[in-house]
Amino acid sequence: MTGETIIVINPNSTVAVTEDIDRALDPLRFADGPEIVSLTLAEGPPGIETQRHVESVVMPLCRLIEGHDNRASAFVIACFSDPGLHLARETTAKPVFGIAESGLLSALARGDRVGIIAILEASVRRHRRYIRALGLESRLAGELALDLGVLELAEESVTFQRLTEVGARLRDDLGAEVLVLGCAGMARYRARLEAALGVPVIDPTQAAVAMAIAAVRLGAGADRQRAAE
Amino acid sequence: MTGETIIVINPNSTVAVTEDIDRALDPLRFADGPEIVSLTLAEGPPGIETQRHVESVVMPLCRLIEGHDNRASAFVIACFSDPGLHLARETTAKPVFGIAESGLLSALARGDRVGIIAILEASVRRHRRYIRALGLESRLAGELALDLGVLELAEESVTFQRLTEVGARLRDDLGAEVLVLGCAGMARYRARLEAALGVPVIDPTQAAVAMAIAAVRLGAGADRQRAAE
Amino acid sequence: MTGETIIVINPNSTVAVTEDIDRALDPLRFADGPEIVSLTLAEGPPGIETQRHVESVVMPLCRLIEGHDNRASAFVIACFSDPGLHLARETTAKPVFGIAESGLLSALARGDRVGIIAILEASVRRHRRYIRALGLESRLAGELALDLGVLELAEESVTFQRLTEVGARLRDDLGAEVLVLGCAGMARYRARLEAALGVPVIDPTQAAVAMAIAAVRLGAGADRQRAAE
Amino acid sequence: MTGETIIVINPNSTVAVTEDIDRALDPLRFADGPEIVSLTLAEGPPGIETQRHVESVVMPLCRLIEGHDNRASAFVIACFSDPGLHLARETTAKPVFGIAESGLLSALARGDRVGIIAILEASVRRHRRYIRALGLESRLAGELALDLGVLELAEESVTFQRLTEVGARLRDDLGAEVLVLGCAGMARYRARLEAALGVPVIDPTQAAVAMAIAAVRLGAGADRQRAAE
Amino acid sequence: MTGETIIVINPNSTVAVTEDIDRALDPLRFADGPEIVSLTLAEGPPGIETQRHVESVVMPLCRLIEGHDNRASAFVIACFSDPGLHLARETTAKPVFGIAESGLLSALARGDRVGIIAILEASVRRHRRYIRALGLESRLAGELALDLGVLELAEESVTFQRLTEVGARLRDDLGAEVLVLGCAGMARYRARLEAALGVPVIDPTQAAVAMAIAAVRLGAGADRQRAAE
Amino acid sequence: MTGETIIVINPNSTVAVTEDIDRALDPLRFADGPEIVSLTLAEGPPGIETQRHVESVVMPLCRLIEGHDNRASAFVIACFSDPGLHLARETTAKPVFGIAESGLLSALARGDRVGIIAILEASVRRHRRYIRALGLESRLAGELALDLGVLELAEESVTFQRLTEVGARLRDDLGAEVLVLGCAGMARYRARLEAALGVPVIDPTQAAVAMAIAAVRLGAGADRQRAAE
């Protein structure tokens, strides 16, 4: 253990989602690597589905970051709308990664055009503005939504079936060569979906944490610290 | 040790450069993480400075990849022109990362506009075409060259002084908020330069290896393998 | 009076700024046109200068909109960072205009490339992301900041002098053919600056209110209402 | 009445179209607002349907502008190909608005991506070049034509039916969140179409006149004039 | 002689310019190639310097094209604003080439980024809109004007000196790797300027005629005609 | 004969293809024009179908260019992936044209949006990257593949039928106004396809040779040489 800690924040208040996210990060936990800690934003809504949800978590999320700043080497905001990312970067001097930004950038190293699988149709418009702000629209194949109800999402087999259908449409009709899961809590389907579709599938929280590990291990502060050990 | 191996290929034939590259990857070597092995392309030129050098290494580089395919979980091509990246991806089913692509994508998670420090003016034009091909030009602040001779590059203090000057111009005159070292062998200056300039500085080989670690640990194959352990 | 009301919200808490904004809207008040009412966001900071200020006003601003929704035919958010614009559009069915968006779009009808005069250097980066999100970067000549302290900004002659210098640089060095004041409270300088520089100068709050008048007078609801009178 | 006059020019010679245009501007006529006068270009063709029609009206249109320059505070060119817009701006020092440019810019303040309803398929290509010249293509959802014959266009119910079909395709298949009527003479359908489709529909002549009102009321000249009153 | 004729139209009325243009086409006259005939537009202004000049020649230019349509296999419009290009393409079924379009496209096969040397500053803005309409702005290094008076332009040595200065700035300060003469009548300087600056210099009329030769020799009609011989 | 020679290199080793290419250049052979010589790259694969094929010919192709440099006035690389184009330009001071680049640029002078007919689906992705690198993606209507097997391609009537189908889809579904044959050896179908589809069809080798003729006849060297004759 190096004393380096990456704090992953689930900005919704559903602890089960935080636990799912946390479990999916196990492959990135190394014996002598940064500790990875997942936190739940108590003030968040049960799920982040609307622009209101996104905006409502910004201030409490940044307060949470402030409260853990001493302890953290880097932060990850685990919601595909990257709520509060730019404020978080103003709040702490530590690197902050948004999972949409990190997931999309990581995907671009795995295929020419990226397809995004959103949970809800309503998110697609919000994501489109964001992708334009990132200047990445020329690499976007498209984004399609699962549009499943809560009960259907609770059924793993139904959800996987729908992920496969939507992913196949992104791949075949829109030309996506790599897919990004447009949501924080679906890592459990990633490997199976990748196997089913034959194209890389990126879980954005995993991608962001991987980038955080690099930043933590390679950052100026870290370098100096290790040099001093 | 997991049995996972990331093979980093220095496509020039200068072993001292490979050793420099390899040393800079130590912070990404974890006790229970993927092994990181750096190889030198014997057929390469002493340094990759021209379009001819870039093209000349493509075929031998891909043969080297083929020769190590059984052993590798992922490959990194450690030259900022990403020679043979697309052929390498056709040659092996393992993920292949080019350090220019990975370095630029990683930088975009650290600042709004990226400045590149090239060794030679002649590379700038080649890189510009490549950045357009990547669809990332709207995020490029600019690229400037050190334009130092071989003797000057051998003097660390001269090189660092010049890196600082060029980096400051990218930051102040062109608005770069993050810098990428446009070359595989300069990681030793990264932390110092970051400290001197006050903006993140990305070593592209480190960035690519970090992405490779994520891909190796999180890839479909890896998942299946670990599930079977 | 038509019973139509446009509500302009100053998201900072400085009433004197609201009064300045309100006064600048007099030319758009017509005897039989929509009423234009300017409100101050009591919960806002004294001025909106940082990303934190921008984010902090989103939720109270949208609550203010909700509270006045019955009474309003359209809303204008009078801060050049367009805080909460997308949430506001989800909060009310009435048209909502952000002054940055409206100011830039209006400017594009007056000149080929737009220059923005920001108050603070720190806003330029935030605006740049926003202009990319709007897909308008190919029409942006550039943005330069006044970078005046509070005391200097209080001196009208100092401020005007600096506006003229910065505007001239945008026009002459960066090729701007139309300028936008990148702030809500500077309408008093608009006409003088336009006269001094010889290019159109857009006050973004005026531009947004003009768009709001059109939307109110021409909107489907308004049409039906007038048809029924 | 302020003595300010906005002159709207219908560049085709069909007086009935001018009358339709003029009637649609009533909501923008205020007791103490600028006078709005609609003129017919006697030299124009009966309708502007081809590139030849567009080009043929440029010189007579600009002569008409010259002839009315003393009297006008601003001009609007009421044809969705914006014929002669740039020459008009060189001909008079008063602001000149083209309805395509103004309609598209106004639409961008009402929805993320714009759909255009053209009368004729042949116009789509011409408009596409123009939208590229405006630098707005990243915000264009698409353009579809009614492709109705003259007799069908004369039947209001047939035209409205077709507008609804084409608008629904733009909204549902191409993702338009706001529509622009790609023609000067269809304002009578605007409100009904907006109600039928549930997305804002912009009449471009109304949009241009609203921008002209703002320019006239807020322009440097106007300011000085009012100051002197 | 094949009976194929390319008609090059100088849209200004200065016969001496037509003669200059015509002389510069000699290297493209082949014993058994298309005849190349240069015409002067009698109705044109002495030179095309303003938007008004551009617009004023459109209709007479297209009438001239109509009058020669039987005789011509292709047309070239020899003015760097490409006046009437789209109407010309609607007027005749023969291929029509504008020298700005052809010159820029030809230049893109000779260097990564193009610099344009305009005669007058006032043209730069017009050209910028056009280059955006062509979708080529990402390849534009910049455009600079000679801004010489008529008398200075009459002095060959003065003009060449100024061409060299402006070309060097485009090459050195703006990164142009190929230059285009932004005017029809300067072919006499092309070779000397290319030799002086060490980068390719494109005369746009020559480029357009070369494209016309290809279209004439390779066009469907021509193929069928030759097959029938 | 002028002593000027354009060397066209077929980078695959199939002499029959070279002969096809060569025959298609006859319309560009003028009695007193540049000699056009077509060479076969003996080291090339029988056809260039994969990224490996593309990369494998780069070095031998440039050696061939070096070997013929004294004799050539310009070179054309006759494969739609433009293999080795940038190295070739570094290898010789003579102008070098790639047929993809030249074909696309020439097409842009014939229609607003270009459709490409590829032989194989696998090439589409490679071409897409290249078109982005060229900065021309805003003018691309799309690319579709014939996806015919070798035996089917050997049947002229089958191939033509398929070309017509794919070309019609590019024209009707994707809006292409000009087509480019995305392959060096299909010139025999060009005129028939153009006649069948009613839009210009560009054979890229013909387009590149036409550009080479212009460069050879108009180049600085050529000018000086002819002046000295």
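To keep things simple, chains are lettered A, B, C, D, E and F as they appear, and every chain counts its residues starting from 1.
FYI, a contact is a pair of C-beta atoms (placed from the backbone, for glycine too) under 8 Å apart; a residue touches a chain by one contact, two chains touch by 3 or more.
Just so we're clear, the structure is a prediction, and the values are computed from it rather than from any experiment.
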item	value
Where chain B and chain D overlap in contact partners, by chain label	A, C, E, F
Most distant chain from chain D, judged by the mean position of its C-alpha atoms	B
Option reproducing the contacts of D-E, where over half of them reappear, out of B-C, B-F or A-F	B-F
Whole-Å gap between the CA centroids of chain C and chain F	53
Interchain centroid distance [CA atoms averaged], chain A/chain B, Å	24
Whole-Å gap separating chain A and chain C, where each centre is the average of the chain's CA atoms	34
Rounded Å distance between chain A and chain D, as computed from the means of their C-alpha atoms	44
Chain F: positions in contact with at least two other chains	129, 132, 134-135, 138
Listing of all chain pairs that touch each other, if any do	A-B, A-C, A-D, A-F, B-C, B-E, B-F, C-D, C-E, D-E, D-F, E-F
Of chain A, residues touching chain B in the complex	27-28, 30-33, 95, 97, 101-102, 105-106, 108-110, 134-136, 138-139, 190-191, 194-195, 200-201, 203, 206-207, 210-211, 213-215, 217-220, 222-224, 226
Interface residues, chain B side, partner chain C - complex	112, 138, 177
Residue ranges of chain A in contact with chain D within the complex	125, 128-129, 132, 137
Chain D residues within the chain E interface of the complex	50-52, 54-56, 58-59, 62, 84, 86-87, 89-91, 126, 129-130, 132-135
